[in-house]
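Read from first to last, the chains carry the letters A, B and C; within each, the first residue is number 1.
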Amino acid sequence: MQQISKEKFQIVGVKATDAERISKPSLSFWKDVSIRFRKNKLAMFGIVLLIILIFMAIFGPYMTKFDYSTNDLMNTNKPPSSTHWFGTDDLGRDMFARTWQGARISLFIGVAAAIVDFIIGVTWGGIAGFKGGRVDEIMMRIADILYGVPYLLLVILLMVVLGANLTTMIIAMTITGWINMSRIVRGEVLSLKNQEYVLAARTLGANVTRIMGRHLIPNAMGSILVTMTLTIPSAIFTEAFLSFLGLGLTPPLASWGTMASDGLASLQYYPWRLFFPAILIALTIFAFNVIGDGLRDALDPRLRNKG
Amino acid sequence: MEKILEVKDLKVSFQVYGGEVQAVRGINFDLYKGETLAVVGESGSGKSVLNQTIMKLIPMPPGKITGGQILFHGQDIVKKTDKEMEKIRGKEISMIFQDPMTSLNPTMKVGHQIMEVLLKHQNMKSQQAKERAIELLRLVGIPMPEKRVNQYPHEFSGGMRQRAMIAIALAANPSLLIADEPTTALDVTIQAQILELMKDLQKKMDTSIIFITHDLGVVANVADRVAVMYAGQIVEIGTVDEIFYDPRHPYTWGLLASMPSLDSDHKSELAAIPGTPPDLTNPPKGDAFAARNQYAMAIDFEEEPPMFQISETHFAKTWLLHPDAPKVEPPEAVKRKMRKLSSTFDKPVLVKEGK
Amino acid sequence: MVKYISKRLLYMIVSLLLIITATFFLMRIAPGNPFTSEKKLPPEIEASLNEHYGLDKPWYVQYGDYLGRIVQWDFGPSFKYESRTVNDLINDGFPVSLALGLEAILFAVAVGIVLGVIAALRHNKWQDYTAMIVAVFGISVPSFIMATFLQYLFAIKLGLFPVARWETFSHTVLPALALGATPMAFIARLTRSSMLEVLSNDYIKTAKAKGLSRGAMIMKHTIRNALLPVVSYMGPLAAGIITGSFIIEKIFGIPGLGSHFVLSISNRDYTVIMGVTVFYSILLLVSILLVDIAYGLIDPRIKLAGGKKGE
C-alpha cells in the first residue's frame, strides 16, 4: 500500500457547508423555462417569424408610397413589380400596403379574441375551481352544455345575424371560445388547491387572496399562457374562414381572410392575389403554433414529448 | 454453492441535460443459487439502475454501460443483443416493480398478461397457458382464480395486483428474480403477506432474489446478504448478521441509527444522516460520503477509500478500516446491538484492486 | 354505463335545445328576416312561410311549432326558392358530403396514425422530426389554402386530377386530401404524444421484462392503449370535417350540403341557414355521443366507473 501520512487520518467530521451545498446552480422557474424554450429551435424560429410579422404589421404600410385603400383603375391586377411589390388587386390597390394593413387586422382579431377568452375563462374557471362544491357543479355544467354547441356553426349564425364587423366577429368567436380556457383554469386551480404546499399555506393561516396570488395564479400561468398562444392562430383561422363564406369584413377594410377570399376567385389568372395573404396566414398560424408548443414543452419538461 | 450472477466493476451512466450522470460507479458482487441479496440505499443511490441494468432494461440512450461485466451463468449480459435478451428476460431473469398500480397493462386482462410469458417462453398452447395462469394465480394466493383470470387490473386491489405481478414474474420459473421495492407502495399488513409469499415461493422454486429496498426492517426479514449502496457504489456488503450486528461503514451506521425499532425501550434518539447525496454528474473527490460523515478524515476528502475485507463474506469501503485510522465509536443505537461475530478476521484486509 | 349514457344524452338534448332556440331567436332578430316581413316576399313563399311558421301567431306558438317540426325531422322551407325545402337540400346534398367526409376521415385517420406511430417509435430521430414538421405544417395551413394549392398545382398546372365537380373517384381525391390534411396532422401529433406517454408507462417495462419482442410489445401493449385518445378525437374530427366541407365543396364545386349552406349564407336564405345549422348540430352531437359510447366500450377502465374518466 502506498504511504499515506498519518495526519490524513485525523477526524475532521462533517463539513456542513459541503453537505448542504447543492452542486448544480439552482434556477428560478421562469429562468429554467426560458432556457428550455430557447433550446427549442422550432419555437425560436416561430419567435423570429412573429417578430418580423409584427414589425411589418406596424411599419409595412408606411414602406410603400401607396395607400391600402386607394383605387387605381389604370393599374388593376398587376403582377408583383418594382413599383407594386406584391402586385395590385382588381381595383388597382397596392397589395403590399393591403397585406400589412391586413396583418394588423388579423393579428388584432387574434389577440383580442385571446384576451377576451382569457378574461372570461380565468374568472369563470377560477371561481368554479376555487369555490368548488355546488357552485363549481353548476358553473361547469353550464360550460359543458355550451361546449356541446358546435363552435363554427354558432359563429356563422351570429355573423349572419349581427352583420360583419370587427366587434361582432370578436363577440362571435369568444361567445363559446372562453370555455376551453375556463376548463383549463379550473383544472389547474382544483389540482393546485389540494396540493400540499397550498394546504400547508392554508394551515399556516394564509388567506384566500394570498393563496390565489402567491400560489395558484403563478402556477396556472403556464397553461393559461399556452392556451392563449394557441387561441390566436385559431381566431386568425376563423376570421379567414368567415371571409371565405362571405361573412368577413367589408371593404375597404382588408384582412388576410378577405384578401385571400378575393384572390381565390381569380386564382387561375392572378395567383399572387391569393399567394401573399395565404402564405402569411399559414406563416402566422405556424409561428403561433410552434411558439405555443415550445412554451408548453418548456413549462413542463415531463410533457416534452407531448404533441 | 453455485454462483449464478457475477457483477464485475460495472459502470453505468446517463447522458442528461447538463452532463453525464454516473449512476453506477464500479460495482462488484456475486449472487448464489437460492440466495436473497438485499440492496439498500437512499433514493438516487443507483440501486434501481443497477438492477435494471442486469436485465438491460435501462433506456439506451440516454443510459450507457460504460464498463464492466455482468456474468449470468457465466455469460456476459453486457454483450448480448436485444434479441438474445428476449430469451433471458422473463424466462431466466424476471422483475417485480415497485408500483403494482402502474406496472400492469390497464387494458389487458390479468390472465392474458400472465399467459404472455407462458406463450413466449414455455411454448404452451393458449388453452394450456390459461390453465397454468389460473394455477399461478392460485399459487400466489388469489382467491377464485378462475374468475380473476378474466378480470382487468383495475378490478384488483393493490396487494392482489402485486400478487399477480409475482405470478407473471415466476411464470417461467426464472433462476433470478429482481424485486424493485415490491412492497413500498403497499399497506404494512399487505407488505408482510407479500414478503411471506415471496419467501415461500423462493423455497419452492429455489430462485435467487435480488431485493431492492430502502427499508431495513424488510431486509432483516427476507435477506441472506445485504449490499449497502451509496452514490452509485457498494460501500458495504455482508451477511444480514454482519450488517446488522457488526457494521463497519459509517453510512451503514447512519442507516441503522435512523431506523426506528420497536424494542427500543431506551429513549434513543433517531439519528438522521445530515445533508443529501452528492450530485453524480460531478462525483466528489475522495469518499462520496465524506461530506455527510461525522467521522470523516482528511483523507476522505482527497482519496477514494479502497475495499477492506472484514470476514469471508464481509466487505466495507471506508478509510476507517485502515490500520492508521483512529478507533471510532459507532452511534449509540448501533453500538448497543454490536456483537462479536466468530467469522471476523483479526484485522481488516485490504482488497487488491480488481479483486 | 347506462347511467353514463343517459347523463350524456341529457346534456346532448339540452345543448341541442339551446342551439335550436338560439337559431330561432337569432333569425327573428336578423335584419331583413322572414319573420318581420319588412321586405315584400313573393306570395307563394309568404304563403308557404305562413303555413310553416304560422307567422301570424304569437312567437311562443311559432317556437313550439318549430320545435315540434324538428322532432318530426322537418326543417322547413327555403326562404328564397319556393319549391325547395331544407329537407330536399339535405336529401340531395348530404349523401355527397357524407361520401367526401368519410373519404377525408379515412385518409386523416390512416395516415395520421401511421405517421404518429412512426414518429413515436423513432423518437428524436429524423423520422420523428420529419413527421412532426409535416404535422405542424398540416395544422398551420388552413384547409382552404391547402385546397387551392392542391387544385392549382395538381389540377390546373399538372392536370393530374379534375379541377372541379363530383363525378368519378379521381374527382374526389383532391378535395378529400384538402379536407383531411388538418385532422390528419392533429391525429399524427395526438398519436405520437399518446404513444410516447404509453411507452413511458411502467407496464411497458413489465412487458419488456417478460421478454416480449419489441414488435409484440408495441402491438399488444402500446398501440391499443395509445389509440384510445385518438378515438376520443373523433368527435372534434367530425366537427372539423363538416365545417371544412363548406369551403372545400365551394372551391371544388361539389354539389354537397356544404355548398348549399354556403350559398344560403350568401343569399341570406335564413330558413335554410337555420334548418341546415340545426341538422348539422344534431349530426355532430349524435356522432360525438356515439364516439364517447364507443370509447367506453373499448376502454375497460370506464365500464365499471360509470362516469367520465378523470372526473
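Just so we're on the same page, contacts are C-beta pairs under 8 Å (C-beta built on N, C-alpha and C of every residue); 3 or more make two chains touch, one makes a residue touch a chain.
Here the structure is a predicted model, which is why all the values come from computation and not from measurement.
Taken together, the touching pairs cover every possible pairing of the chains.
Chain A has the C-alpha centroid lying closest to the overall centroid of all protein C-alpha atoms shown.
The centroid of the Cα atoms in subunit A and the matching centroid in subunit C are 24 Å apart.
One inter-chain figure worth recording: subunit A and subunit B are separated by 49 Å, centre to centre, where each centre is the mean of the chain's CA atoms. In this assembly, the C-alpha centroid of subunit B lies 54 Å from the C-alpha centroid of subunit C.
Across the complex, subunit B is touched by residues 1, 4, 6-16, 18-24 of subunit A. In the complex of the two chains, the subunit B residues touching subunit C come out as 55, 57, 82-83, 85-91, 94-95, 97, 99, 102-108, 113, 116-117, 120-121, 152, 154-155, 165, 168-169. Those residues of subunit C lying in contact with subunit B across their complex are 201-203, 205-214, 216, 220-221, 224-225, 228, 299-301, 304. Across the interface of their complex, subunit A is touched by residues 18, 274-276, 278-279, 281-282, 284, 290-299, 301-303, 319, 322, 324-326, 328, 350 of subunit B.
Those residues of subunit C that touch subunit A in the shared complex are 11-12, 14-16, 18-19, 22-23, 26-27, 29-31, 123, 136-137, 139-142, 144-145, 148-149, 151-152, 156, 189-190, 192-193, 196-197, 200, 239, 242-243, 246-247, 250-251, 262, 265-266, 268, 270, 273, 277, 280-281, 284-285, 288.
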